[in-house]
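Below, each structure is written out as structure tokens.
In the two complexes that follow, chain A is the common piece, with chain B as its partner first and chain C second.
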Partner chain A sequence: MPTKPTPQQFFRRRNRQLLIILLILIGIYWLSMVLVNFQTMSSLAQVPAGLIWLAKNFIPTQRSLSYLGAISFQLWRTLLVSIASTICAGLFSLFFAVLGAKPTAPAPYWRVIVRLGASLVRNIPVVAWSMILLFSFKQSDFTGFLALFFMTLGYLTRAFTETIEDLDPEKLNALRAVGATYLQCVFCGVLPEVATTLMSWLLYMIENNLRDATLVGILTGTGIGFLFNYYFKSFRYDAAGLIVLLIAVLVIALELTSTRIRKAIA
Partner chain B sequence: MKTVKQAPISLPPKLSLLTRPRRILRTVLGGLTLITLYALLTLNTAGLKISSAMSSLGNNLNIMFLHPGVGQDTWSLLLRALVTSISLGLLTTILGALFAFFIAMGAARNLAPAWLANTIKAAMAFIRAIPTILWVLIYSVVMGLGASAAVVGLTFHSIAYLVKAYSESIEATPAETIEALKASGVRFWPIVFQAILPSIIPALLSWTFIRFEINFANAVAVGAAAGANDIGYYLFMASGFYFNFHEVGLIVYLLLAVAVVLEIISIQLRGHYLKQN
Partner chain C sequence: MLKVIDLDKSYNRQKQSLKAVSFTAKPGEVTAIIGPSGAGKTTILRSVNQLIKDDAGQILLDDEDIRQANKSDLRRIRHHIGMIFQNYNLIGPLTALENVLHGRLGAKSTFAGMLGLYSATEKNEAAKLLQDVGLADFALQRCDQLSGGQQQRVGIARALMQHPKMILCDEPIASLDPKSTKLVMDILRELAQSKQLIILINLHQLDIAQTYADHIVGINQGTIVFEGPERALTPEKLQAIYRQPETKAVTADAN
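Here is the complex of A and B:
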């Protein structure tokens, strides 16, 4: 830098930059608003009314308690499917991540293959996954499991690969220098180091899958999503509200549990 | 990275590498594996024949990825719908970021009183716990089908997500900095805009961009439910009503193209900001 700007110049330049960024953002916002055909003010004005409507109709009543049995059963099944799909996908992701991460890749072309594959699987939307699988695997819990499995696989492979690549390469070099084989490097050098971080990702994905299971369930007609859709479409809003409430409680409970586990294993 | 493998010296001669955190890790992993086995064994497969299902899946994937086509819609219609989806993502992210920034200042422990921060954080955790699709469905009843329900539903979730991310970034500012500025008589807004904001802009930017990617994916996912006439709606119709896997394939390719562009932008943004700071 030739000369240092005076504070006045510095602030003037920064303010101008901020103004330009602000104008660009407003422009993008306005353009999107036109393209989507969305009226900001009139829609935002409806939000409080919506919340009041929600509070009136979605509060579970005495009647909705009679659905509690069916709802808790499906919620339990959905939780099981979320955990199972995360753990299965985690196992495969770990294998792919070891193949695809820079320090542990057996050959450079594996990195490209794993990266491309993970990116492809991750970016196929939920709707497409659910529908393709529904067509072949029919309406069953297994379809929901597969849809969640594939989405988790794409996401976790990327996360695991990045975690392994964040490792200090010197440690692996040292292991190799004392004559450790490839498998010894992976199982005794890499995996113990990354175990805590990978566990943290698994816990996060379980939470995430429980939330996504609702959408997958609506699309594939399985689990808690199906039940919600069924009550919602037959105008039994109190029962649907009970489902929303129970999902929220379960997700928050899961979040608190994983926070505690994360602290305990750190 | 913390290393916790050292056993305390005061322990009796039997030294073990298995420390408490390791034991807990193994227990949790073992428990999750057992749950997974139980879930897989009791999974309702509705009398499914794996071999025929697999061949049907292979067939569909073949149609999708090797023979994409527009189906009964047109290129211009699909591209317009894709633009609508991207706009939905942009709109909900900008709107969400704006609200979230101001709410986050109330949720940051170093700026707001503890009771306010805790209340806001709890409320946001509750909103976040409810899946986006449910917010959109609920608002589509209140506001009628259309873009408004999708925007409001997606924005709700974005705000809750971004408030958490932003407030944690704000909390990363050292308390001494804020104390010192307060002590020298700087008022609230100058502290926020001149001291805190410049130092956390990279963090905010990267969170906001992550949220944009999520919002785009969510916009596609909720398209069918809200009837916002975006690409998600056509995807849902093609796969769920016309069973036209040629068109599903084409839409998936369009979405992949957007994903690649977003990935490149995110790498560029990160590189740009890393160089500046």
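Here is the complex of A and C:
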């Protein structure tokens, strides 16, 4: 039997372990830098110059304000597409989550099907979705909508399934004991219990999708992403900078609003 | 009249949870099932409305065997059996009134129940029942904001909304303070007498069982070891009910 260490020995041993872990991490960093020929020092030296260039070119000027109309129009459309795709995906996710969650699954094999399906859809990155859908649906807002829809569907199905599984199954037993049918249990028991959590997830996904919409737009040539790409490639960096600024403002505004909504419904 | 005859249940092959359990419970009486933890009290209670599927036996409520019922019969029978729980099991974000109205689900069409389409008569009855259990002021409050005793009374009102022949009570007072316990037990006893209901109740607390029950069923390791009126419960019978399993004593000696 090993002897019990004194407190001094215990702390000495733990400090040694921490030191070893730190050395291993530094070693891994150094090794990867060597392997990809990355010069840490000279890269760091470039940072200030890069930042100055960014500030000179990307800070919006008086001139870029003339683009404000076009930008806000596209931004508005993008926001609406994000909201529409999130809500649509949310409805489908709820349906699949009820089928796939343990307390409400009509049969055990549904759980496997839903889990596999959601995981498959979720693990295809939004970039890949955009590229794939671009070929089938061409350059349109609908392509952007679908790309966001599928990714959201994957995420929300998983999130909703887990929310339903957190529910105390005894509450559903109480409704079954009353003589409630399956659909009555779902509508009168499950949905009221999970509604606020589901709302929070929806709001979070709307924020998230607005951010992703920019990238999806660059790839599918729609919305604010397209406009950003267009200004950027025609060297109108100040206008592109204005887009970045406005997206940030909108996302922050959205975040503040959804926090308030969440507090109000909790 | 509830008659349970030769009920068997095992959750796994090694251990049988219920062995030929038979007892009766009469309308107008409080029947308490007592016994040590793990004796099978909850299994019996949940077999009565088939939340748990037992293996063999008969469960006759007014001579109709719930074990033989098909899906729609089971729904109809369950509609007439109220149930209250240790953890109340109300839908927390809904109001007390909505939870009481859930008692009507077994009698409504799936569609009407899903969408919460209740008639004015049903709503008035639910409000009246809440008033009867002393919660008129809380009818429109969310249930998760009510105290334990209040939630249990909402549970009772939900059960009464079913126009029950019987109310099953699964450890109804295990999470309540003494004052709420008395309130809830007084309501249950009063209901048995005034509405001629069968009240079947699982209890951990022997003193409560002795105070409130007319009829007592004692169970130990899945076997009925006593059934009779409360006054027939002698110290020897009590010892038989709460006897610890011998296997435990043997392993304790071995150590």
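Assume the second predicted complex is superposed on the first by the 241 of 266 C-alpha atoms of A that agree within 3 Å, B and C clash if a C-alpha of one lies under 4 Å from a C-alpha of the other, contacts with A are read in each partner's own complex, and residues count from 1 in each chain.
As a convention for this text, a residue touches a chain if its C-beta (ideal position, glycine included) is under 8 Å from a C-beta of that chain, and two chains touch if they have at least 3 such contacts.
Here the structure is a predicted model, which is why all the values come from computation and not from measurement.
By the touch criterion stated above, A:Q62 is placed in contact with neither chain B nor chain C. Once the two complexes are laid over each other on the shared chain, residue contacts for A:A264 go to chain B alone; chain C is not touched. In the superposed model, B is the one of chain B and chain C that contacts more residues of chain A. Contacts of A:N37 after superposition: chain B is touched, whereas chain C is not reached.
In the superposition on chain A, A:Q8 makes contact with neither chain B nor chain C. In the overlay built on the shared chain, the residue A:F187 is in contact with chain C alone; chain B does not reach it. When the shared chain is aligned, chain C comes close enough to touch A:E170, but chain B does not.
In the superposition on chain A, contact is made by A:T196 with both chain B and chain C. Across the superposed pair, chain B and chain C both touch chain A at residues 193, 195-196.
Residues of chain A touching chain B in their complex: 25, 28-29, 31-33, 35-40, 43-44, 46-47, 49-50, 53-54, 58, 80-81, 83-84, 87-88, 119-120, 123-128, 131-133, 135-142, 145, 193, 195-196, 199, 202, 211-212, 214-215, 218-219, 228, 232, 244, 247-249, 251-252, 255, 261, 264-266.
For chain A in complex with chain C, the touching residues are 168, 170-171, 173-181, 183-184, 186-189, 192-193, 195-196.
Residue ranges of chain B in contact with chain A, taken from their complex: 1-2, 20-22, 24-25, 28-29, 32-33, 35-36, 38-40, 42-46, 48, 53-54, 56-57, 60-61, 64, 83-84, 87-88, 90-91, 94-95, 125-126, 128-134, 137-139, 141-143, 146-148, 151-152, 217, 220-221, 223-225, 228, 232, 235-236, 239-240, 243, 245, 248, 251-252, 255-256, 259-260, 263.
Remark: chain C residues 49, 51, 74-79, 81-83, 85, 87, 89-94, 102-103, 105-108, 110, 113-116, 158, 162, 168 touch chain A in the complex.
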